[in-house]
Each structure stands twice: as C-alpha cells, then as structure tokens.
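So, here's a batch of structures to check.
After this come two complexes, each holding subunit A, first together with subunit B and then together with subunit C.
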Partner chain A sequence: MNKLLSSQKFKRASIQIVFLVSLVFIIVSLIVVGQKNIAAQGIATGFGFLERTTGWPISFSVIEVTARSTYARVLFAGLLNTMLVGFLTLFFATVLGLILALLRVSSNTLMNIVGTTYVEIFRNVPVILQVFFWYALLTHLPSPKQAYDLGGVAFLSNRGLMMPAPTLSATDLWVLIGTLTAIGFGLFYAKQNGGAKRRWLIAIAAFFAVFLVLLLTGREPDQSLISIPELKGLRFVGGITLKPEFSALLIGLVLFGAAYIGEIIRGGLLSVERGKLEAGSALGLSGFQINRYVRIPLAFRAMLPSLANQYVWLMKGTTVGIAIGYPDYFAVVSTSINQSGQTMELLALLMGGFIVVNYSLGFVMNKINDRIKLKGRS
Partner chain B sequence: MAASLTAPAAATGPVVWLRKHFFSTWYDAVFSILFSMLIAWMVNKLLGWAVFDAIWRVENRELCTHDAGACWAVIEDRGRLILFGLYPYEEQWRSTLACLAVIVTMVLSCLPKFWSIRRLPILWIAGFGIFVLLMRGGFAGMPLVRSEQWGGLSLTIFIFAAVFVIGMPLAVIFALARRSTLPVIAKVSGLFIDLVRSLPLLTLLFAAAVVVPLLVPEAIQGTKLGRVVVAFALFFAVYQAEIIRAGLQSTSQGQEEAAVALGMPYWSLVVDILLPQAFRNTLPSTINQAVITFKETSVVTIIGFFEVMASGNAAIGTGEWGNQYIEVYVFLAFIYFIFVFGLSRYGAWLEKRMRLGHV
Partner chain C sequence: MKQKFLQLATAAAIALSGVGTAQAEGQGILDTIIERDSLLCTGHNGSYLGFAEVDAAGAWQGFDIEFCKALATAILGSPDKAQIIPISWAQRFPAIQSGDIDVIIKVTGWTMTRDTELGLQYSRPYFIGPFYVMSKTELGAETISDLEGGVFCVNSGTTIERVLADYMETNSIEYETLAFEKGEELRSALYAGRCDAIAGFGPFLSSTRVNAPDPESLEIIGEVIKLEPEGIVVRQGEDDFLDVINWMVSVLLLAEENGITMANVDEVKANPPSATVERMLGVTPGVGSRLGLSDDWAYNVIKAVGNYGEIYDRTIGEGSRYKLPRGLNNLWNNGGLLYPLVLD
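Right, the complex of A and B next:
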C-alpha cells in the first residue's frame, strides 16, 4: 500500500484526476446556479428567441434591418458591421503602415523625423481616446445646411460625409461581392497552374463588366446612373452616407493600427541581413532588383507572424465602437442582452462569433506563412 | 608590382553630412524640401495654437472662441475632476499620495537592484497596499472613501496596479501549467489560454460585470470593480503567460536536468533556476505588455467606471465647456503619453542593454 502511494505514476494520475474533478465541479455548479437564477427571472432558456422580432432598430447596417427584424438577423448585421470595419481597418492600416515604415527606414533625416513622430504619438495614446477624439471632431462639424461643399458632389457635415454613389440595389451588391470572390478564386487557380499571363488585367476587366451590366440593368428606368446627394430641407437625400460613428471608428483604428503595423514592417525590413543585400549587389542586381527579389521577400517572411497577431488584435479592437454608438457585434449583443434577458445564450454567441472570426483570420495567416516559409530549416 | 594606394580620405564635414542625409539623390532633395516645409508649417500652427494664442486662465474664458488658440482654461477649471473624479475634495491629497506610491513602486521596480524573485513581489504588494490604504482610509482620522467614489487618474492607476499584482502570479501559474508534464493539466490550460486570447478584452470585462452575478452565489460575488479587475487580470495573465513560457523555453534543458539530477524539489527548481532566467530573458516583452495594459485600462470606461477617460468625457459633457473637447482630449492624451512613452523608452533601453550582454 505504501509503495503504491509513493509511486510516481500513482501521484501523477491522482493529481490529474483531482484537477479534472474540481474543474467539472466548478463548471457544473456555475451552470446549476445560473439556471436557477435565470429561471427565477422567468426567462426561457434556449435559442428560440433568435426567431423573435427585436422591436428596436440599429443605426447602421449593411443589410436591411428594421425594428421588425428577428434577433438572428440583427445579430448577423452586427457581425457584418464588425467585419466591415475590421477588414477596412486592416487594409488601410497596412497601406499607411507601409508608408510609415518606408519613411522610417529611409536615409533622409527629415522623413525619419516625420515617421518617428507619427509612430510615437499615435502608438502611445489609447485607441479609445483617439476614437472619441475623431468622433467629437466629426460631430462638431456644421449642420447639413452649412455643410462643407466638396466640389458640389460630396458634402461634409455633422451627419457624416455624403458622397455620390452608383445606383445599385442590395442584391446587386451581393452579386458584386460574389463576383469578387469568384475572381479571387480564379486568380488563385490561375497562379497554381501557371495560367494566363495578363490574369490581373483580365480579372479587373471581368469585374468592371459585371459592374456595368448591373448598373445598366438593375435600376428603375427613370433613375440616373449615379445618385448625387442633395440638400432637401434639413437633411441630405441620395448618394451614400458615411456616418460619423463609422468614420470615427475607422479613422481611429487605422491611425492607431498603422503605427503598430509600420513598426512591424520596419522591423521586417531591418531584419534582412546586410550580407544578403551585398550578395545581391555583388551578383550585379540593380537597386530595384535587390529590393524586389531579395529584401522584400525575406522581410515579408520575417514580419508575417507579428503581422498576423496585430491583425487579430485590430479585429478585436473594433469592439471599442460601442463607446461612440457604432452597432458592431459586441454592441448589438449587449443591447440584445438588455432587451431580451437571454444572457447566457447571447454571451455564448458573442464569444463564439469572435472565436470564429479570429480563428479563421489566424488560420489564413498561418496558411500563408506555411506556404512562403523558407523550406529546409526549422 | 602595384603601387600601394593611400586610403581614401574620410569624407566628413557639414556639407558631406547634409548631402548624405538630405540631398543624396534628386528625389531625396525634393522630399527634403517638401518635408521641411510640412514640418515648419505644422510646428508653426501647433505652437501658435497651443502656446502663443492660447488662453490659460479661467478669468479670460470669454476670449475662448472658435478662432482663438487652445483654451487651457478648461484644464484649470476641470483639471481636478479629470484627475480625481468624484473623490471628496478635501481628501484629494490622499489620492495624490496614493498615486505617487504606485509610481514610486513602478520606478523602483525598474532598477536592477530590485530584480529578484523575492524582492519584487514584496515591493509590489507594499506599494499596492499603501495605495489601497490611503485611498480607502477609515483609520487615523482619515474618513472612509468607498471604491465607488474613486475616479479619475487614481482609478486608472489602481486598475493598472491591481491587474499587474493579481495577473503576474496567475501568469506564472498558467505558464507552468501549460508546460506541465501532466497531460491533462497541460491540455486544459493550453485550451483555456488560447480561448481567452482570441476574445476581445471588452467581452471579458462585460461578462464579469453583467453575467458573473447570475452564475455565482451572492456570497462570493464581490463588488463590480473587484470582478472587473479580476477579469482584466485574467486577460493580462494569459498574454503574460505566453511571454513567460517563451522565457522558460529559452533556458537550456540541461539546467533543468541538472537540477533534477541533484534532487532539487520542483518548487526550488522553478523559483531559483527557471523563473529568474525566464523573467530576465523576456523583460522587454513584459514591459511591452505592461504598456499595452496601461493603455487598455481606458476600456473600462465603456462598462461604466469613472476612470480618467470617463472623467475627461464628463469634463466636456456639460454645455459650459462643451466646445473645448480638443483641449481636454489633448490633455488626456498627454497624461497617457507620459506613462506609456516613459515605459516604452525604458523597455527600448533595456533591450539595447541586453543585446550588449549586460543583464
């Protein structure tokens, strides 16, 4: 008996069993207490509420949502809002970050100063403060009657930026998104099989062809091709409006994210050893060729893991939108919890939604990383 | 026989320097001129707004118009609200002292003298304890101030310090658990860490504030602030755990085996051999994590706490100073900037020092 108690194997097994049992105990007791408390409030459990109508509208969405929409639809609209702002942030922050990185690695001292000052200011101030700042700035603009006129077609006021837009219906937009996806797959396939030479040109032409067909066929006969915003009474009608909530969140996240992404790209560029660049010039490559075939490919490999982390971080950062009233996924879920009381189910949906989005983003970045990783070394 | 050449004269002097840094090619020259104009214009505008045309005193507040410079009078009028929140006016010296105690703790823990696995926890618990005692009061003639009345910068610093003090030991536990040789413990903690890492901080804080009361018996619920701080600490801990794990992996396997061969108990192995090296090797990443955590304390404003971001919003929430939002936000940004820039410069200095092999 003593021998059994002192044996390593027995000790290890018992520690793990105790750990598992207490874990299960904690989870079960949480569920039991939760069920009891929720039942005491007279709320039915389960996901049946998703079919009910919400009774409240949301201020901004890509798909049509009214107070009569179901919870499922409103939640989906929130998720789309998060992804919209998230992916636009990733795109613009990467572009701006690249510019910042180039400023900071250049040999020109003045460009270094500008890049460094930008990065230090925007990286060291919380993103939520920046979002509040841009929101205050945008909502303190003049009212639509005194709106800034940008060339007679676009107007900037405290209701947002009104811009001309092609007259497309919601279905047309979905068709366009579908076309883009198809073209993306087509390009990927063409690359795999060493396909057509001018595939980018063909892809762009195909997209514009679909766009034109939709524009010419989709509208009512008397509508104009492009709708331009016009002041009617106290507000603008027509065109497309970028609401201040959306713009402020996007600007704040982009400016903040760009400072981080710029540093990641700079780190990647600096990580390429001098010897490799010198080897390139010894082989007679030109300055452009060294950048194109030696520096950028190597730098891209070095920066990709940190870039993936930063992308996931920015995706999660979109949740600060609730502070200024942008109806992202988190904001919609939190209103739903207030209104319906289905706390547990909605919390599970909230966390599930973010886990799915972030895991797929991480998955894609990992795939890219595996694909381009230098082979032969671990 | 080839004639030996003299080495080329080293090109120095102001002209060479100027040419190298500003005019090395024609497009470099164009950029230099454009950027110098841009910098001059911005510095001129900024100095004019923030210093020369600014209105500093509340007496002159009628001068604060749209065309005038910065109206710093709002900071004179509302500065105390921003820094102390709703903390009782006569007791605000306590809040100041408490913040100083935490700042001194932070500065002291930056000194290599305190970098020992026994000294640092004592220092932090002492600093944090002084903070809480001073803020709460209720002894030695200091009236009791409940945590609901804490606000402004002191609440921000409290959240930061509490997250650090609670989160650090948790992070060590998570990191050790994930590296454990017991498969069940390693798997479960790995799953937990990855799960929490993929969630936004705000969802965790929200769950702690709103959902936990539904799931936990009333006796162990604690205050809302307490729950939120614990959730925040959990979030910090999973990130910090990954940093510590990287540090643990960077210590050589041989040391661990040698310790086991000498019959060292597990805790002595961890405390005396593994952790000191793990922390030392990952100090720059740890400081980076502290920087991120300090900035993210501002998120708690969304779930209704009156920290410095919220008190800043309150300062411009009334009609009286409603138009001075830029000044207040710049002031807030400046406060954050001092802390965060200081910390990150220190991190950069440490990194340089480590590269030279001094740590």
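Right, the complex of A and C next:
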C-alpha cells in the first residue's frame, strides 16, 4: 500500500482523475442549476425551437432561406456565410500577405517603403473601423439607375457589383463543388502517376468537361448560356451580385489580415539562417532555386504555428459583419435570440459552431505541420 | 460587437448563478422596488428617437421614458426615482429575466412566443404601433407594390422583420431585406441609398425622416402594413406589479377623458366633477390601498407627467419636433383605439 502511494505514476493518475471528476461535476451542476433557474422563471428550454419556422428572411445566404425556413436551416445558413467569408479571407489575405512579406524582405528600398507603410497603416487601425470605411465607400456609389457600366455586361452601383454568370441551377453548383472535391482528392492520392504538370492538366480538363456538360444540359431550353444583369425597375435582374455587405467585410478583413500574415511570413523568411542560404549558393543553386528548395520550405516550418493562430483569429474576426448587416453566424444567432428568446441554447450553438470551424482549421494546420516538420527532432 | 457578446454572456451567467431568482422566490418585485426606492426601467443603447433619447443636457427624454417616470411616481411618489438603464433590443428579455431591470417599457410588441415561452407577462397595450414603409421620394412610389424588387432595411431582431415578410408574401411582392443591429447604421444605410425603403414603426419612421440630412428626400407611404399593440412587460408571476401598471395606464387615459391636466389637477382635486374623478384623485379612499400604494398616487402621476394626451404631445406629438398625429393612439371618442378601464 505504501509502495502504491509513493509511486509517481499512481500520484499523477489520481490527481488527473480527481481533476477530471471535479470538472465534470462543476459543468453538470452549472447546467442543472441553470436549467432549474430558467424553469423557475417560466422560460421554455431545450432545442425544440430549432424545428419551428423563423418568420424572417436573411439578406444573403449560400443555401436558399426564406421566412418559412426553420431556425436550424437559418442558423446553418449563417454558419455557411461565416465560413464563406472566412475561408475567402484566409485565401486572399495569405496571397496578399506573401506579396507584402516579399516586398519587405527585398533589398529594393522603394518596395520596402511600400510594404512597411502598408503594414503600419492596416495593422494599426481597428478592423471594425476598416470594415465601416469600406462599407461607407461602397454604399456611396451611385444608385442602380445611374450605375457605372463596365462594358455593358457588368455594373457597379451601391447595390453591389453585378456580373454576368453562367446559367447554372443550385443542383448544378453542388455537382460542381463535388467534382472539385473529387478532383482535389484525386490529385492528392494519385501522386505516382506521371509528372505534376500532366496531372494538373488532366484535373483542369476534367473540371471544365463537367462544367460544360452541366451548362449545356442543366438550363431551361429557352435560357441563354450566360445570364447578363439588366436593369428592371429598382434593381438588376440576372447574373450574380456581389453585395456591398459581403464585399466590405471581405475587403476589410483581407487588408487587415494581410498585414499580420505578411509579418508572420516575413518573420519566417528571416528565421532561415544565412549559412543555409550560403550553403545553397555554394552548391551552385540559382537564386530562384535557393528560394524554392531551401528558404521557403524552412520558412514555412517556422511560420506555420503562428499562421494557424492568425487564421483562427481571422475566422473569429468575421463577427464584425453584424455591424454592417452581413448575416454571419453571430448576427443570425443574435437575431434568433431576440426572436425566439432561447438565449442559453443559442449561445451554446454559437460557441459550438465556432469551436467546430476553428478546431477543424487548427486540425488541418497541425496535420500539415506534422507532415513538414523536420523529422528526428523533438 | 464584442461588448455586446459580453453583455449577452453576462446575462447568461446571471441566469446560471441564480442571482435573478432571489426575488422570484421571496418577495414580489413591487416590494423590492419600494425597498430599493428606485425603479429600474429600460432606456436604449443610443437613441430610439421620440421614445427613448438622451437630450443635449444628458437627460433621458421620450414617450417610453415618460411612462417610466409615471410608474416611478405611482409607486415611489417621484418621477426622479425612475432609473433608466440603457439597453438594446436584444438585451431587454435576458435583462428582465436576470433582474437587471424591473420592467420593460420599450415599445415591445405583444407576441405569442414572448408571452408564453419567455416567462413574461404583458400589460394592456399602452401604444398602438402601426407599421409603415418609408421610401426615397425620387422613386416616386405611391404604394408598396411600386417598390417591387427594392431593398428594404429593417432593425434586426424586431417584429418588423416578420411583419414585412408576411405582408410581402401575402401580396406576392418580391423584395430584399437588409437587417441592421443598430439604428445609427440603419439610418446611414438609408441616407446613403443602400436601401430603397425602410419598414418600421410609424413614429420611428417619422423621427428618422426629421433627422435626415434632407427630410424632403424621404416620404412615408400611406398603407399601414400591420398594426402592433405595444405592452409594458414584467416577469411572469408579478401580478401585483402588473395591476399597478395596468391601472397607471388607465388613470392616464381617464385623466385625459375627463380633461384633467398637469396644470389643472389641483383645481379639479379641490372641486371634483364626478364621483369617479373623486376616487381617482384620492379624495375618497380606495384607489391606492387596493394596489398597495398611497391613495394619492394617481394625483401624483398626473401632477408629475400629465395625462396620456399631454405625454404624447410633449414627446412625439404636436408639441415635439416629430409632430406625429395622434391617429389610433387617441381616445375612443376621438377616433382612436384607447380607452380607460372602469374605476369603481
């Protein structure tokens, strides 16, 4: 018995068990007490409201949502809106961030000044102000009737940018997204067959083939292949519209995020020791080859953890959309709380949704990190 | 936005910790108010023009605020004992459930969900809110169907979102909505031309119009899309408190019906024209003791804020800069929908 008590392993295990049990106990009692209090106030609890129809529409969604949709569907649409703007932000901010980082590490003074000025301006202004600024700018464009005509096919007004679009139905779009995913997986797993160039060519060809088939078969007989926006009454009909709320949020977040991501990438590039680069040139590699095979792989390893952090932050940053009327997940949850009154349940869903999205993001980044980190070092 | 999230989270935390239920279990809220010697009443985060706004001197003004003052006077004897807590539309229900406020007087529409599932109780309507649409004059719209395909801006999380959706579906008018959290953003979107029209509560629309850079550029379309009765809200089970509120509203209307104003109430009290007025002003006992208040509470209320008509004129009617006609919010004998209960 004494031996057992003095064993390090036993001590550690029992501390962990006690900690876990108390944690579970605290959480369970919080839920029980909360429910009891809510019931005492005569408030309905539970997730039954999710099946009820909302009675209010949202202004922008990827899936179709009307006033007759259920709360579950509207909340899902809100989550998709958050993910749409979030992932697009990550993509564009990374591209812009990379450019900024290259500007800042370059030996050209002018490029340096441009990069530094950009970072200092966009990093130091709160993101919500930037979003407000872009929104104000976009909503002060002329009304649809006086819209800027961009070559007769696209129009820019305070209702957004209207662009021509291929006539595809909603199901066509899903098929297309499915194809894209399948091709992505194909590219990932079919590594051994042929050169990289050939695989990419096949992938792109396959995608366009599916796209053409859908375009030619999916539409109604009398519809044209491409739908061009035209002014009808108060608005433009046809084509696709980039709404100002969406654009302002995206622009604001991308410009803000790029300043941070640029600095992270710059840090990564600078972290590569000089000796390694010199070793590269001693081996007779060209400048491009040194960057491609020595500098970027090493820099990528160094910057990935902080990049993952920044990505998660940007994903959460989409919640400023509520201020300019973009129906992101937070805005939809907030309206639902007001309309249904199920505060606790909806807050739980809000947190749950963000945890799922951000955890998945972190998970993918960690996987990449595991794959590329220098093996044999702990 | 983060701040708002924090506030919601705080409300949730309060619900969990059980602070709010202390009152529900022990004494009624009326006793709590008397003990605290102040009434915690709703204001607005920012300004809801005409109903709850902060004037140049930093004092709360508006139709709803006057009712807060009237209620404070009825219970505590002085309008200064109403403590106005700034609160957003979304926060009002969590706040009353957690005990941050005693009563919601914030043009709150009487809906079934709120009445049954949120643990709330409504007073009789103290205001009849007609919903209208206000559009840009340059569009030349005479009816709402002329705005086919237009963008309508609304306050998010309010009943107007549903009302508009219903109306547009019934009349099969295609439209787009854009919902804003804050009145300020809604207004600037309208002034900038992001929306063709806004839908809302009549008084809110006229006050938005008055405050526009160019009021002539906006016009309210005559069609009423829906009528919404607005009630004063208390927590479920506060029956005594609700009685006080209902009778306070009734007294304000009864005073108007009998021509009793802030100016002449002393005169009328000294020389009451009828037995009802006599009872109301506490010349003969009963009006207070049955509610657990002093017998001169109704007199105090009229002395402090005047009758219903006076409150209306001062805050949103002819005497204010909004100049809203009385419309349906007039007494039954003047073409309105309001009437006092029987004070026996």
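Just so we're on the same page, the second predicted complex is superposed on the first by the 329 of 378 C-alpha atoms of A that agree within 3 Å, B and C clash if a C-alpha of one lies under 4 Å from a C-alpha of the other, contacts with A are read in each partner's own complex, and residues count from 1 in each chain.
The working rule: a contact is a pair of C-beta atoms (placed from the backbone, for glycine too) under 8 Å apart; a residue touches a chain by one contact, two chains touch by 3 or more.
Predicted, not measured: the structure shown is a model, and the values here were computed from it.
Residue contacts after overlaying the shared chain place A:Gln16 against subunit B, while subunit C stays out of touching range. Of the two partner chains, both subunit B and subunit C are touched by A:Leu347.
When the two complexes are overlaid on their common chain A, residue A:Phe330 makes contact with subunit B and with subunit C alike.
Legend: residue contacts after superposition of the two complexes on their common chain; A:Asn291 is shown touching neither subunit B nor subunit C.
In the overlay built on the shared chain, the residue A:His140 is in contact with subunit B and with subunit C. Once chain A of one complex is fitted onto chain A of the other, the partner contacts of A:Thr167 are absent, as it touches neither subunit B nor subunit C.
Applying the stated contact rule after C-alpha superposition, one finds that A:Gln339 touches subunit C and leaves subunit B untouched. Legend: residue contacts after superposition of the two complexes on their common chain; A:Ser306 is shown touching neither subunit B nor subunit C.
By the document's definition of touching, both partners, subunit B and subunit C, reach A:Val320. Residues common to the contacts of subunit A with subunit B and with subunit C across the two structures: 30, 33-34, 37-38, 128, 136, 140, 319-320, 322-323, 330, 334, 337, 343-344, 347. Note for the complex: subunit C touches subunit A at residues 1-2, 4-5, 8-9, 11-12, 15-18, 20-21, 24-25, 89-90, 93-94, 97, 113-114, 116-119, 139, 147-151, 153, 156-158, 161-162, 165-166, 169, 176-182, 185, 188-189, 192-194, 196, 235-237. Looking at the complex, you find that subunit B touches subunit A at residues 20-22, 24, 28, 31-32, 35-36, 38-39, 181-185, 188, 195, 198-203, 206-207, 210-211, 214-217, 295-296, 298-299, 301-302, 309, 313, 316, 323, 325-326, 329, 332-333, 336-337, 340-341, 344. Contacts from subunit A toward subunit C in the complex involve residues 30, 33-34, 37-38, 40-44, 55-59, 67, 128, 136, 139-140, 143, 158-159, 232-235, 237, 244-245, 319-320, 322-325, 327, 330-331, 334-335, 337-341, 343-344, 347. Residues 12, 15-16, 19-20, 23, 30, 33-34, 37-38, 107-111, 113-114, 120-121, 124-129, 132-133, 136-137, 140, 312, 316-317, 319-320, 322-323, 330, 334, 337, 343-344, 347, 350-351, 354-355, 358-359, 362 of subunit A are the ones touching subunit B in the complex.
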